[in-house]
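Contents: one structure, followed by commentary.
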Amino acid sequence: MGMVPALDYAAVFIFALSGALVASRAQLDIVGFVFIGSLTAVGGGTLRDLLLGRDMVFWVAEPGYVVLASVAAVGVFFTAHLLESRYRALRWFDACALAVAVPAGVGVALSLGAHPVTVVIMGVATGCFGGLMRDVVCNEVPLVLKQGELYVTAAFAGAAAGTFADQVEVALPVALLLCSAVTFALRAGSLLFGWRLPSYKARPPRQ
Amino acid sequence: MGMVPALDYAAVFIFALSGALVASRAQLDIVGFVFIGSLTAVGGGTLRDLLLGRDMVFWVAEPGYVVLASVAAVGVFFTAHLLESRYRALRWFDACALAVAVPAGVGVALSLGAHPVTVVIMGVATGCFGGLMRDVVCNEVPLVLKQGELYVTAAFAGAAAGTFADQVEVALPVALLLCSAVTFALRAGSLLFGWRLPSYKARPPRQ
Amino acid sequence: MGMVPALDYAAVFIFALSGALVASRAQLDIVGFVFIGSLTAVGGGTLRDLLLGRDMVFWVAEPGYVVLASVAAVGVFFTAHLLESRYRALRWFDACALAVAVPAGVGVALSLGAHPVTVVIMGVATGCFGGLMRDVVCNEVPLVLKQGELYVTAAFAGAAAGTFADQVEVALPVALLLCSAVTFALRAGSLLFGWRLPSYKARPPRQ
(Lines give C-alpha, C1' and ligand atoms only; values in the text may rest on other atoms or scores of the structure.)
Protein backbone atom coordinates (compact mmCIF):
# COMPACT_ATOMS: atom_id res chain seq x y z
CA MET A 1 0.00 0.00 0.00
CA GLY A 2 1.32 3.43 -0.90
CA MET A 3 1.79 6.18 1.65
CA VAL A 4 -1.26 8.21 0.59
CA PRO A 5 -3.78 5.34 0.92
CA ALA A 6 -2.19 4.53 4.30
CA LEU A 7 -2.82 8.12 5.39
CA ASP A 8 -6.39 7.90 4.09
CA TYR A 9 -6.97 4.71 6.09
CA ALA A 10 -5.54 6.29 9.24
CA ALA A 11 -7.62 9.45 8.80
CA VAL A 12 -10.78 7.43 8.18
CA PHE A 13 -10.22 5.32 11.29
CA ILE A 14 -9.45 8.18 13.68
CA PHE A 15 -12.11 10.55 12.31
CA ALA A 16 -14.64 7.73 12.69
CA LEU A 17 -13.70 7.52 16.38
CA SER A 18 -14.26 11.26 16.75
CA GLY A 19 -17.59 11.08 14.89
CA ALA A 20 -18.77 8.23 17.08
CA LEU A 21 -17.90 10.24 20.18
CA VAL A 22 -20.07 13.10 18.93
CA ALA A 23 -22.81 10.53 18.29
CA SER A 24 -22.44 9.40 21.90
CA ARG A 25 -22.93 12.98 23.08
CA ALA A 26 -26.14 13.07 21.00
CA GLN A 27 -27.21 9.71 22.53
CA LEU A 28 -27.80 8.03 19.16
CA ASP A 29 -28.21 4.29 18.64
CA ILE A 30 -25.57 2.01 17.13
CA VAL A 31 -26.61 2.73 13.53
CA GLY A 32 -26.43 6.45 14.28
CA PHE A 33 -22.88 5.92 15.51
CA VAL A 34 -22.00 4.22 12.22
CA PHE A 35 -23.73 6.96 10.20
CA ILE A 36 -22.03 9.91 11.92
CA GLY A 37 -18.73 8.04 12.21
CA SER A 38 -18.70 7.29 8.48
CA LEU A 39 -19.80 10.79 7.50
CA THR A 40 -16.95 12.28 9.53
CA ALA A 41 -14.48 9.69 8.30
CA VAL A 42 -14.99 10.12 4.58
CA GLY A 43 -16.44 13.65 4.34
CA GLY A 44 -13.22 15.57 3.81
CA GLY A 45 -11.67 13.09 1.39
CA THR A 46 -14.91 12.88 -0.58
CA LEU A 47 -14.97 16.64 -1.05
CA ARG A 48 -11.31 16.53 -2.13
CA ASP A 49 -11.98 13.83 -4.72
CA LEU A 50 -15.06 15.60 -6.13
CA LEU A 51 -13.21 18.92 -6.38
CA LEU A 52 -10.21 17.34 -8.06
CA GLY A 53 -12.44 15.40 -10.45
CA ARG A 54 -10.82 12.05 -9.62
CA ASP A 55 -12.19 9.11 -11.58
CA MET A 56 -13.71 7.62 -8.45
CA VAL A 57 -14.19 8.84 -4.92
CA PHE A 58 -11.69 6.93 -2.80
CA TRP A 59 -14.18 4.92 -0.74
CA VAL A 60 -16.37 4.09 -3.75
CA ALA A 61 -13.30 2.59 -5.42
CA GLU A 62 -12.36 0.68 -2.27
CA PRO A 63 -15.27 -0.06 0.12
CA GLY A 64 -12.86 -1.20 2.84
CA TYR A 65 -12.68 2.40 4.04
CA VAL A 66 -16.32 2.51 5.06
CA VAL A 67 -16.13 -0.94 6.62
CA LEU A 68 -13.20 0.27 8.73
CA ALA A 69 -15.09 3.41 9.77
CA SER A 70 -18.10 1.30 10.75
CA VAL A 71 -15.98 -1.04 12.85
CA ALA A 72 -14.41 1.93 14.62
CA ALA A 73 -17.83 3.45 15.34
CA VAL A 74 -19.21 0.18 16.70
CA GLY A 75 -16.15 -0.16 18.91
CA VAL A 76 -16.80 3.30 20.37
CA PHE A 77 -20.46 2.43 20.97
CA PHE A 78 -19.41 -0.36 23.33
CA THR A 79 -16.42 1.28 24.99
CA ALA A 80 -17.02 5.03 25.20
CA HIS A 81 -18.39 4.75 28.73
CA LEU A 82 -14.91 3.72 29.85
CA LEU A 83 -13.50 7.11 28.92
CA GLU A 84 -12.76 9.60 31.66
CA SER A 85 -13.84 12.55 29.48
CA ARG A 86 -15.44 11.93 26.11
CA TYR A 87 -15.03 15.57 25.15
CA ARG A 88 -11.28 15.54 25.76
CA ALA A 89 -10.95 12.26 23.85
CA LEU A 90 -12.98 13.76 21.00
CA ARG A 91 -10.66 16.72 20.70
CA TRP A 92 -7.51 14.61 20.73
CA PHE A 93 -8.84 12.05 18.25
CA ASP A 94 -9.86 14.96 16.07
CA ALA A 95 -6.37 16.48 16.34
CA CYS A 96 -4.71 13.19 15.36
CA ALA A 97 -7.11 12.73 12.45
CA LEU A 98 -6.40 16.27 11.26
CA ALA A 99 -2.68 15.50 11.31
CA VAL A 100 -3.11 12.54 8.95
CA ALA A 101 -5.95 13.90 6.79
CA VAL A 102 -4.10 17.10 5.82
CA PRO A 103 -1.11 15.20 4.35
CA ALA A 104 -3.57 12.78 2.71
CA GLY A 105 -5.13 15.73 0.90
CA VAL A 106 -1.77 17.23 -0.01
CA GLY A 107 -0.49 13.89 -1.25
CA VAL A 108 -3.44 13.23 -3.57
CA ALA A 109 -3.32 16.75 -5.01
CA LEU A 110 0.44 16.51 -5.60
CA SER A 111 0.05 13.14 -7.32
CA LEU A 112 -2.43 14.75 -9.73
CA GLY A 113 0.01 17.57 -10.51
CA ALA A 114 -2.21 20.30 -9.09
CA HIS A 115 -1.12 23.93 -8.75
CA PRO A 116 0.55 24.65 -5.36
CA VAL A 117 -2.34 26.89 -4.27
CA THR A 118 -4.75 24.07 -5.02
CA VAL A 119 -2.55 21.59 -3.16
CA VAL A 120 -2.68 23.70 -0.02
CA ILE A 121 -6.47 24.08 -0.29
CA MET A 122 -6.95 20.33 -0.74
CA GLY A 123 -4.92 19.73 2.40
CA VAL A 124 -7.07 22.14 4.38
CA ALA A 125 -10.33 20.85 2.90
CA THR A 126 -9.50 17.18 3.45
CA GLY A 127 -8.52 17.93 7.01
CA CYS A 128 -11.34 20.25 8.01
CA PHE A 129 -14.55 19.29 6.21
CA GLY A 130 -15.17 15.87 7.74
CA GLY A 131 -15.19 17.34 11.22
CA LEU A 132 -17.16 20.35 10.01
CA MET A 133 -19.92 18.13 8.55
CA ARG A 134 -19.97 16.09 11.79
CA ASP A 135 -20.46 19.22 13.90
CA VAL A 136 -23.01 20.88 11.60
CA VAL A 137 -25.15 17.75 11.33
CA CYS A 138 -24.99 17.11 15.09
CA ASN A 139 -25.51 20.77 15.90
CA GLU A 140 -22.30 21.15 17.90
CA VAL A 141 -20.23 24.35 17.73
CA PRO A 142 -17.77 23.44 14.94
CA LEU A 143 -14.30 22.71 16.34
CA VAL A 144 -13.03 24.37 13.16
CA LEU A 145 -14.41 27.69 14.28
CA LYS A 146 -13.77 27.65 18.01
CA GLN A 147 -12.51 31.03 19.10
CA GLY A 148 -9.04 31.26 20.47
CA GLU A 149 -7.78 27.96 19.07
CA LEU A 150 -5.59 27.01 16.14
CA TYR A 151 -7.46 24.64 13.84
CA VAL A 152 -7.75 25.86 10.27
CA THR A 153 -4.46 27.62 10.98
CA ALA A 154 -2.78 24.34 11.92
CA ALA A 155 -4.14 22.66 8.78
CA PHE A 156 -3.07 25.60 6.64
CA ALA A 157 0.44 25.80 8.07
CA GLY A 158 0.92 22.05 7.69
CA ALA A 159 -0.38 22.01 4.13
CA ALA A 160 1.78 25.01 3.23
CA ALA A 161 4.87 23.41 4.77
CA GLY A 162 4.31 20.16 2.89
CA THR A 163 3.66 21.97 -0.40
CA PHE A 164 6.74 24.13 0.02
CA ALA A 165 8.88 21.09 0.80
CA ASP A 166 7.63 19.42 -2.36
CA GLN A 167 8.38 22.55 -4.41
CA VAL A 168 12.01 22.49 -3.25
CA GLU A 169 12.17 18.82 -4.26
CA VAL A 170 12.18 17.19 -0.86
CA ALA A 171 11.16 13.51 -1.28
CA LEU A 172 7.38 13.03 -1.05
CA PRO A 173 7.32 10.90 2.14
CA VAL A 174 9.47 13.46 3.94
CA ALA A 175 7.29 16.35 2.72
CA LEU A 176 4.14 14.57 3.94
CA LEU A 177 5.73 13.76 7.30
CA LEU A 178 6.68 17.43 7.69
CA CYS A 179 3.11 18.40 6.77
CA SER A 180 1.73 16.05 9.43
CA ALA A 181 4.20 17.15 12.09
CA VAL A 182 3.54 20.87 11.61
CA THR A 183 -0.23 20.33 11.67
CA PHE A 184 -0.12 18.22 14.82
CA ALA A 185 2.39 20.44 16.64
CA LEU A 186 0.28 23.55 16.15
CA ARG A 187 -3.03 21.86 16.99
CA ALA A 188 -1.60 20.09 20.04
CA GLY A 189 0.12 23.28 21.19
CA SER A 190 -3.20 25.02 20.97
CA LEU A 191 -4.95 22.33 23.02
CA LEU A 192 -2.17 22.03 25.62
CA PHE A 193 -0.76 25.52 25.92
CA GLY A 194 -3.48 27.74 24.51
CA TRP A 195 -1.47 28.82 21.46
CA ARG A 196 -3.60 31.13 19.37
CA LEU A 197 -3.68 33.95 16.88
CA PRO A 198 -5.23 37.27 17.88
CA SER A 199 -8.93 37.16 17.09
CA TYR A 200 -10.96 39.97 15.64
CA LYS A 201 -12.28 42.32 18.29
CA ALA A 202 -14.65 45.11 17.52
CA ARG A 203 -17.08 47.44 19.08
CA PRO A 204 -20.13 45.34 19.88
CA PRO A 205 -22.18 45.05 16.69
CA ARG A 206 -25.09 47.45 16.58
CA GLN A 207 -27.07 45.43 14.03
CA MET B 1 -40.21 4.59 -18.05
CA GLY B 2 -38.01 2.12 -16.18
CA MET B 3 -38.56 1.27 -12.54
CA VAL B 4 -35.65 3.32 -11.21
CA PRO B 5 -36.70 6.62 -12.86
CA ALA B 6 -40.24 5.93 -11.59
CA LEU B 7 -38.86 5.60 -8.06
CA ASP B 8 -36.85 8.79 -8.53
CA TYR B 9 -39.99 10.66 -9.65
CA ALA B 10 -41.96 9.35 -6.67
CA ALA B 11 -39.18 10.25 -4.22
CA VAL B 12 -38.84 13.73 -5.71
CA PHE B 13 -42.58 14.36 -5.47
CA ILE B 14 -43.03 13.15 -1.90
CA PHE B 15 -39.81 14.69 -0.55
CA ALA B 16 -40.89 18.00 -2.11
CA LEU B 17 -44.12 17.78 -0.11
CA SER B 18 -42.13 17.22 3.08
CA GLY B 19 -39.75 20.08 2.25
CA ALA B 20 -42.64 22.43 1.60
CA LEU B 21 -44.15 21.50 4.96
CA VAL B 22 -40.90 22.45 6.68
CA ALA B 23 -40.98 25.71 4.70
CA SER B 24 -44.50 26.30 6.04
CA ARG B 25 -43.22 25.83 9.59
CA ALA B 26 -40.56 28.48 8.83
CA GLN B 27 -43.27 30.76 7.37
CA LEU B 28 -41.46 31.29 4.07
CA ASP B 29 -43.04 32.74 0.92
CA ILE B 30 -44.00 30.72 -2.15
CA VAL B 31 -40.54 30.88 -3.70
CA GLY B 32 -39.07 29.71 -0.40
CA PHE B 33 -41.44 26.72 -0.56
CA VAL B 34 -40.15 25.89 -4.04
CA PHE B 35 -36.52 26.35 -2.95
CA ILE B 36 -36.72 24.13 0.13
CA GLY B 37 -39.04 21.65 -1.58
CA SER B 38 -36.63 21.25 -4.51
CA LEU B 39 -33.56 21.03 -2.27
CA THR B 40 -35.18 18.25 -0.27
CA ALA B 41 -36.48 16.52 -3.37
CA VAL B 42 -33.23 16.26 -5.31
CA GLY B 43 -30.62 16.51 -2.53
CA GLY B 44 -30.16 12.80 -1.86
CA GLY B 45 -30.20 11.72 -5.50
CA THR B 46 -27.77 14.49 -6.42
CA LEU B 47 -25.28 13.32 -3.82
CA ARG B 48 -25.69 9.73 -5.09
CA ASP B 49 -25.02 10.77 -8.70
CA LEU B 50 -21.97 12.87 -7.79
CA LEU B 51 -20.49 10.08 -5.65
CA LEU B 52 -21.06 7.48 -8.35
CA GLY B 53 -19.62 9.77 -11.01
CA ARG B 54 -22.66 9.42 -13.29
CA ASP B 55 -22.38 11.29 -16.58
CA MET B 56 -25.12 13.68 -15.55
CA VAL B 57 -26.97 14.35 -12.33
CA PHE B 58 -30.46 12.93 -12.83
CA TRP B 59 -32.37 16.22 -12.73
CA VAL B 60 -29.84 18.04 -14.94
CA ALA B 61 -30.39 15.36 -17.58
CA GLU B 62 -34.17 15.59 -17.21
CA PRO B 63 -35.47 18.92 -15.85
CA GLY B 64 -38.95 17.47 -15.38
CA TYR B 65 -37.91 16.38 -11.88
CA VAL B 66 -37.46 19.93 -10.64
CA VAL B 67 -40.66 21.07 -12.35
CA LEU B 68 -42.51 18.29 -10.51
CA ALA B 69 -40.93 19.27 -7.18
CA SER B 70 -41.92 22.91 -7.77
CA VAL B 71 -45.52 21.98 -8.55
CA ALA B 72 -45.70 19.89 -5.39
CA ALA B 73 -44.29 22.73 -3.28
CA VAL B 74 -46.73 25.27 -4.74
CA GLY B 75 -49.58 22.87 -4.05
CA VAL B 76 -48.54 22.65 -0.40
CA PHE B 77 -48.32 26.45 -0.16
CA PHE B 78 -52.03 26.71 -0.98
CA THR B 79 -53.34 23.66 0.88
CA ALA B 80 -51.18 23.10 3.99
CA HIS B 81 -53.60 25.05 6.17
CA LEU B 82 -56.15 22.29 5.57
CA LEU B 83 -53.97 19.76 7.39
CA GLU B 84 -54.90 18.74 10.90
CA SER B 85 -51.24 18.51 11.95
CA ARG B 86 -48.51 19.65 9.60
CA TYR B 87 -45.85 18.00 11.75
CA ARG B 88 -47.53 14.59 11.56
CA ALA B 89 -48.02 14.98 7.80
CA LEU B 90 -44.36 15.95 7.45
CA ARG B 91 -43.19 12.82 9.24
CA TRP B 92 -45.42 10.51 7.16
CA PHE B 93 -44.54 12.14 3.84
CA ASP B 94 -40.91 11.85 4.86
CA ALA B 95 -41.39 8.15 5.70
CA CYS B 96 -43.00 7.45 2.33
CA ALA B 97 -40.27 9.38 0.49
CA LEU B 98 -37.62 7.41 2.36
CA ALA B 99 -39.28 4.17 1.28
CA VAL B 100 -38.99 5.10 -2.41
CA ALA B 101 -35.67 6.98 -2.31
CA VAL B 102 -33.74 4.11 -0.72
CA PRO B 103 -34.63 1.65 -3.53
CA ALA B 104 -33.94 4.43 -6.07
CA GLY B 105 -30.41 4.69 -4.71
CA VAL B 106 -29.96 0.94 -4.59
CA GLY B 107 -31.29 0.55 -8.13
CA VAL B 108 -28.96 3.13 -9.65
CA ALA B 109 -25.91 1.71 -7.86
CA LEU B 110 -26.79 -1.85 -8.95
CA SER B 111 -27.27 -0.73 -12.55
CA LEU B 112 -23.73 0.70 -12.48
CA GLY B 113 -22.31 -2.55 -11.15
CA ALA B 114 -21.16 -1.11 -7.85
CA HIS B 115 -19.72 -3.17 -5.00
CA PRO B 116 -22.42 -4.40 -2.56
CA VAL B 117 -21.09 -2.21 0.26
CA THR B 118 -21.33 0.80 -2.04
CA VAL B 119 -24.85 -0.21 -3.10
CA VAL B 120 -26.01 -0.20 0.52
CA ILE B 121 -24.37 3.19 1.17
CA MET B 122 -25.98 4.70 -1.94
CA GLY B 123 -29.38 3.51 -0.72
CA VAL B 124 -28.85 5.11 2.68
CA ALA B 125 -27.40 8.32 1.22
CA THR B 126 -30.15 8.76 -1.37
CA GLY B 127 -32.77 8.21 1.30
CA CYS B 128 -31.32 10.27 4.10
CA PHE B 129 -29.46 13.28 2.69
CA GLY B 130 -32.35 15.18 1.10
CA GLY B 131 -34.17 15.31 4.42
CA LEU B 132 -30.93 16.03 6.26
CA MET B 133 -30.19 19.06 4.03
CA ARG B 134 -33.77 20.27 4.50
CA ASP B 135 -33.47 20.11 8.28
CA VAL B 136 -29.97 21.62 8.51
CA VAL B 137 -30.85 24.55 6.23
CA CYS B 138 -34.13 25.20 8.05
CA ASN B 139 -32.52 24.69 11.46
CA GLU B 140 -34.88 21.89 12.54
CA VAL B 141 -33.62 18.95 14.59
CA PRO B 142 -32.76 16.47 11.80
CA LEU B 143 -35.35 13.66 11.60
CA VAL B 144 -32.38 11.45 10.71
CA LEU B 145 -30.91 11.92 14.16
CA LYS B 146 -33.98 11.93 16.36
CA GLN B 147 -33.31 9.92 19.46
CA GLY B 148 -35.33 6.82 20.02
CA GLU B 149 -36.54 6.41 16.42
CA LEU B 150 -35.53 4.17 13.56
CA TYR B 151 -34.54 6.27 10.56
CA VAL B 152 -31.03 5.58 9.30
CA THR B 153 -31.62 2.09 10.63
CA ALA B 154 -34.72 1.67 8.47
CA ALA B 155 -32.83 2.93 5.41
CA PHE B 156 -29.88 0.68 6.18
CA ALA B 157 -31.99 -2.43 6.72
CA GLY B 158 -33.98 -1.81 3.53
CA ALA B 159 -30.86 -1.17 1.48
CA ALA B 160 -29.17 -4.25 2.89
CA ALA B 161 -32.24 -6.41 2.19
CA GLY B 162 -32.44 -5.21 -1.40
CA THR B 163 -28.73 -5.68 -1.96
CA PHE B 164 -28.80 -9.16 -0.48
CA ALA B 165 -31.79 -10.11 -2.64
CA ASP B 166 -29.90 -8.95 -5.72
CA GLN B 167 -26.84 -10.96 -4.69
CA VAL B 168 -28.88 -14.13 -4.52
CA GLU B 169 -30.25 -13.33 -7.99
CA VAL B 170 -33.76 -12.28 -7.14
CA ALA B 171 -35.18 -10.28 -10.07
CA LEU B 172 -34.42 -6.55 -9.78
CA PRO B 173 -38.03 -5.32 -9.40
CA VAL B 174 -38.64 -7.82 -6.61
CA ALA B 175 -35.40 -6.85 -4.85
CA LEU B 176 -36.33 -3.16 -5.01
CA LEU B 177 -39.85 -3.85 -3.74
CA LEU B 178 -38.39 -5.78 -0.83
CA CYS B 179 -36.02 -2.90 -0.14
CA SER B 180 -38.92 -0.46 -0.10
CA ALA B 181 -41.11 -2.66 2.06
CA VAL B 182 -38.45 -3.26 4.72
CA THR B 183 -37.60 0.44 4.87
CA PHE B 184 -41.23 1.50 5.20
CA ALA B 185 -42.14 -1.22 7.69
CA LEU B 186 -39.36 -0.28 10.08
CA ARG B 187 -39.90 3.47 9.77
CA ALA B 188 -43.68 3.19 10.11
CA GLY B 189 -43.30 0.79 13.02
CA SER B 190 -41.10 3.33 14.70
CA LEU B 191 -43.63 6.14 14.16
CA LEU B 192 -46.67 4.04 15.16
CA PHE B 193 -45.37 1.71 17.83
CA GLY B 194 -42.17 3.36 19.04
CA TRP B 195 -39.88 0.63 17.68
CA ARG B 196 -36.29 1.57 18.46
CA LEU B 197 -32.79 0.37 19.09
CA PRO B 198 -31.19 0.98 22.47
CA SER B 199 -29.45 4.35 22.41
CA TYR B 200 -26.12 5.17 23.96
CA LYS B 201 -26.40 6.13 27.60
CA ALA B 202 -23.49 7.35 29.61
CA ARG B 203 -22.61 9.16 32.72
CA PRO B 204 -23.40 12.80 32.03
CA PRO B 205 -20.45 14.26 30.10
CA ARG B 206 -18.07 16.21 32.30
CA GLN B 207 -16.62 18.29 29.45
CA MET C 1 -11.10 37.91 -20.14
CA GLY C 2 -14.61 36.91 -21.14
CA MET C 3 -17.69 38.26 -19.43
CA VAL C 4 -18.46 35.11 -17.42
CA PRO C 5 -15.01 34.83 -15.79
CA ALA C 6 -15.24 38.56 -15.01
CA LEU C 7 -18.56 37.94 -13.26
CA ASP C 8 -17.02 35.00 -11.38
CA TYR C 9 -14.13 37.19 -10.21
CA ALA C 10 -16.51 39.93 -9.07
CA ALA C 11 -18.76 37.44 -7.24
CA VAL C 12 -15.76 35.81 -5.55
CA PHE C 13 -14.40 39.16 -4.39
CA ILE C 14 -17.66 40.53 -3.00
CA PHE C 15 -18.84 37.27 -1.46
CA ALA C 16 -15.44 37.01 0.26
CA LEU C 17 -16.07 40.43 1.81
CA SER C 18 -19.44 39.25 3.10
CA GLY C 19 -17.95 36.01 4.43
CA ALA C 20 -15.21 37.89 6.24
CA LEU C 21 -17.82 40.14 7.85
CA VAL C 22 -19.63 37.07 9.19
CA ALA C 23 -16.25 35.84 10.46
CA SER C 24 -15.81 39.16 12.25
CA ARG C 25 -19.18 38.69 13.93
CA ALA C 26 -17.95 35.26 15.10
CA GLN C 27 -14.68 36.87 16.33
CA LEU C 28 -12.45 34.47 14.39
CA ASP C 29 -8.74 34.99 13.76
CA ILE C 30 -7.23 36.02 10.42
CA VAL C 31 -7.05 32.46 9.07
CA GLY C 32 -10.70 31.98 10.04
CA PHE C 33 -11.52 35.09 7.99
CA VAL C 34 -9.74 33.59 4.99
CA PHE C 35 -11.48 30.22 5.51
CA ILE C 36 -15.01 31.59 5.77
CA GLY C 37 -14.37 34.25 3.12
CA SER C 38 -13.14 31.64 0.64
CA LEU C 39 -15.94 29.18 1.44
CA THR C 40 -18.52 31.88 0.79
CA ALA C 41 -16.72 33.12 -2.30
CA VAL C 42 -16.43 29.85 -4.16
CA GLY C 43 -19.23 27.76 -2.62
CA GLY C 44 -21.98 28.58 -5.11
CA GLY C 45 -19.81 28.36 -8.21
CA THR C 46 -18.31 25.09 -7.00
CA LEU C 47 -21.75 23.53 -6.63
CA ARG C 48 -22.68 24.80 -10.11
CA ASP C 49 -19.56 23.27 -11.67
CA LEU C 50 -20.04 19.91 -9.92
CA LEU C 51 -23.71 19.75 -10.93
CA LEU C 52 -22.95 20.63 -14.54
CA GLY C 53 -20.07 18.15 -14.66
CA ARG C 54 -17.57 20.72 -15.92
CA ASP C 55 -14.10 19.34 -16.59
CA MET C 56 -12.66 21.37 -13.73
CA VAL C 57 -14.15 23.41 -10.93
CA PHE C 58 -13.45 27.04 -11.83
CA TRP C 59 -11.07 27.83 -8.98
CA VAL C 60 -9.17 24.54 -9.33
CA ALA C 61 -8.51 25.44 -12.96
CA GLU C 62 -7.45 28.98 -12.02
CA PRO C 63 -6.18 29.40 -8.43
CA GLY C 64 -6.25 33.19 -8.75
CA TYR C 65 -9.87 33.11 -7.54
CA VAL C 66 -8.95 31.81 -4.10
CA VAL C 67 -6.00 34.17 -3.84
CA LEU C 68 -8.37 37.06 -4.56
CA ALA C 69 -10.85 35.83 -1.94
CA SER C 70 -8.05 35.54 0.62
CA VAL C 71 -6.82 39.06 -0.07
CA ALA C 72 -10.36 40.39 0.33
CA ALA C 73 -10.79 38.55 3.63
CA VAL C 74 -7.48 39.82 5.00
CA GLY C 75 -8.45 43.35 4.01
CA VAL C 76 -11.69 43.04 5.98
CA PHE C 77 -9.79 41.70 9.01
CA PHE C 78 -7.84 44.96 9.22
CA THR C 79 -10.56 47.43 8.25
CA ALA C 80 -13.92 46.09 9.46
CA HIS C 81 -13.71 48.11 12.68
CA LEU C 82 -14.02 51.26 10.55
CA LEU C 83 -17.52 50.27 9.44
CA GLU C 84 -20.47 52.02 11.01
CA SER C 85 -22.58 48.84 10.95
CA ARG C 86 -21.01 45.56 9.96
CA TYR C 87 -24.42 43.92 9.67
CA ARG C 88 -25.68 46.51 7.18
CA ALA C 89 -22.44 46.24 5.18
CA LEU C 90 -22.79 42.46 5.20
CA ARG C 91 -26.28 42.61 3.73
CA TRP C 92 -25.30 45.05 1.00
CA PHE C 93 -22.13 43.20 0.03
CA ASP C 94 -24.23 40.07 -0.07
CA ALA C 95 -26.80 41.77 -2.31
CA CYS C 96 -24.11 42.95 -4.73
CA ALA C 97 -22.49 39.53 -4.79
CA LEU C 98 -25.87 37.93 -5.50
CA ALA C 99 -26.35 40.29 -8.42
CA VAL C 100 -23.11 39.15 -10.07
CA ALA C 101 -23.17 35.48 -9.04
CA VAL C 102 -26.62 34.80 -10.52
CA PRO C 103 -25.58 35.94 -14.03
CA ALA C 104 -22.29 34.03 -13.59
CA GLY C 105 -24.30 30.85 -13.04
CA VAL C 106 -26.67 31.61 -15.93
CA GLY C 107 -23.77 32.41 -18.24
CA VAL C 108 -21.89 29.17 -17.54
CA ALA C 109 -25.02 27.05 -17.96
CA LEU C 110 -25.92 28.78 -21.24
CA SER C 111 -22.38 28.30 -22.56
CA LEU C 112 -22.76 24.56 -21.92
CA GLY C 113 -26.06 24.45 -23.81
CA ALA C 114 -28.12 23.46 -20.77
CA HIS C 115 -31.92 23.20 -20.79
CA PRO C 116 -33.60 26.53 -19.82
CA VAL C 117 -34.95 25.05 -16.57
CA THR C 118 -31.42 23.97 -15.67
CA VAL C 119 -30.06 27.41 -16.59
CA VAL C 120 -32.44 29.09 -14.16
CA ILE C 121 -31.54 26.62 -11.39
CA MET C 122 -27.82 27.16 -11.94
CA GLY C 123 -28.33 30.91 -11.61
CA VAL C 124 -30.20 30.46 -8.33
CA ALA C 125 -27.73 27.88 -6.99
CA THR C 126 -24.63 29.90 -7.87
CA GLY C 127 -26.15 32.97 -6.27
CA CYS C 128 -27.58 31.43 -3.12
CA PHE C 129 -25.40 28.54 -1.97
CA GLY C 130 -22.20 30.40 -1.11
CA GLY C 131 -24.07 32.60 1.34
CA LEU C 132 -26.10 29.64 2.58
CA MET C 133 -22.93 27.66 3.40
CA ARG C 134 -21.46 30.72 5.13
CA ASP C 135 -24.53 31.11 7.33
CA VAL C 136 -24.96 27.40 8.13
CA VAL C 137 -21.30 26.96 9.08
CA CYS C 138 -21.27 30.13 11.19
CA ASN C 139 -24.65 29.33 12.71
CA GLU C 140 -26.31 32.57 11.57
CA VAL C 141 -29.95 32.61 10.42
CA PRO C 142 -29.49 32.13 6.64
CA LEU C 143 -30.11 35.39 4.75
CA VAL C 144 -31.63 33.15 2.07
CA LEU C 145 -34.47 32.19 4.39
CA LYS C 146 -35.14 35.42 6.23
CA GLN C 147 -38.88 35.91 6.52
CA GLY C 148 -40.39 38.87 4.76
CA GLU C 149 -37.50 39.51 2.39
CA LEU C 150 -36.90 38.79 -1.28
CA TYR C 151 -33.75 36.73 -1.67
CA VAL C 152 -34.28 33.45 -3.49
CA THR C 153 -37.08 35.31 -5.27
CA ALA C 154 -34.67 37.99 -6.49
CA ALA C 155 -32.25 35.33 -7.71
CA PHE C 156 -35.03 33.38 -9.37
CA ALA C 157 -36.53 36.40 -11.13
CA GLY C 158 -33.12 37.55 -12.36
CA ALA C 159 -32.18 34.10 -13.60
CA ALA C 160 -35.54 33.69 -15.32
CA ALA C 161 -35.25 37.11 -16.98
CA GLY C 162 -31.76 36.35 -18.27
CA THR C 163 -32.77 32.93 -19.51
CA PHE C 164 -35.84 34.29 -21.25
CA ALA C 165 -33.79 37.04 -22.90
CA ASP C 166 -31.38 34.43 -24.19
CA GLN C 167 -34.27 32.32 -25.52
CA VAL C 168 -35.53 35.26 -27.59
CA GLU C 169 -32.01 35.72 -28.94
CA VAL C 170 -30.95 38.81 -27.09
CA ALA C 171 -27.14 39.06 -27.18
CA LEU C 172 -25.50 37.25 -24.24
CA PRO C 173 -23.93 40.31 -22.53
CA VAL C 174 -27.28 42.10 -22.63
CA ALA C 175 -29.11 39.07 -21.26
CA LEU C 176 -26.61 38.78 -18.40
CA LEU C 177 -26.84 42.49 -17.61
CA LEU C 178 -30.63 42.19 -17.50
CA CYS C 179 -30.27 39.19 -15.19
CA SER C 180 -28.01 41.16 -12.87
CA ALA C 181 -30.20 44.26 -12.90
CA VAL C 182 -33.41 42.38 -12.09
CA THR C 183 -31.71 40.47 -9.27
CA PHE C 184 -30.21 43.58 -7.73
CA ALA C 185 -33.33 45.70 -8.12
CA LEU C 186 -35.53 43.18 -6.30
CA ARG C 187 -33.00 42.49 -3.54
CA ALA C 188 -32.22 46.17 -3.01
CA GLY C 189 -35.91 47.05 -3.06
CA SER C 190 -36.46 44.44 -0.39
CA LEU C 191 -33.67 45.86 1.78
CA LEU C 192 -34.65 49.51 1.26
CA PHE C 193 -38.42 49.47 0.95
CA GLY C 194 -39.42 46.16 2.51
CA TRP C 195 -40.65 44.64 -0.77
CA ARG C 196 -41.86 41.12 -0.08
CA LEU C 197 -44.13 38.30 -1.13
CA PRO C 198 -46.86 37.18 1.23
CA SER C 199 -45.49 34.51 3.52
CA TYR C 200 -47.28 31.40 4.61
CA LYS C 201 -49.43 31.93 7.67
CA ALA C 202 -51.20 29.15 9.43
CA ARG C 203 -52.86 28.25 12.62
CA PRO C 204 -50.06 27.74 15.12
CA PRO C 205 -48.68 24.22 14.63
CA ARG C 206 -49.99 21.74 17.17
CA GLN C 207 -47.05 19.34 16.75
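Letters A, B and C name the chains as they come in the text, with residue numbers starting at 1 for each one.
Simple rule for what comes next: a contact is a pair of C-beta atoms (placed from the backbone, for glycine too) under 8 Å apart; a residue touches a chain by one contact, two chains touch by 3 or more.
The structure displayed is predicted, hence computed values, not measured ones.
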Could you say what rotation angle superposes subunit A on its sequence twin subunit B, using C-alpha positions and rounding to the nearest 5°?
120
Same or different: at the subunit B/subunit C interface, is the fraction of residue numbers used by both copies above or below half?
different
Calculate how many whole Å lie between the centre of subunit B and the centre of subunit C, each centre taken as the average of the chain's C-alpha atoms.
28
Residues of subunit C touching 2+ other chains?
50, 136
List the residues on subunit C that touch subunit B in their complex, please.
50-53, 114-115, 117-118, 121, 124, 128, 132, 136, 141-142, 144-145, 147, 152-153, 156, 196-203, 205-207
Going by the contact rule at the top, pick out the subunit A residues touching subunit B in the complex.
23-36, 38, 46, 50, 55-57, 60, 63, 66-67, 77, 80-81, 85-87, 136-139
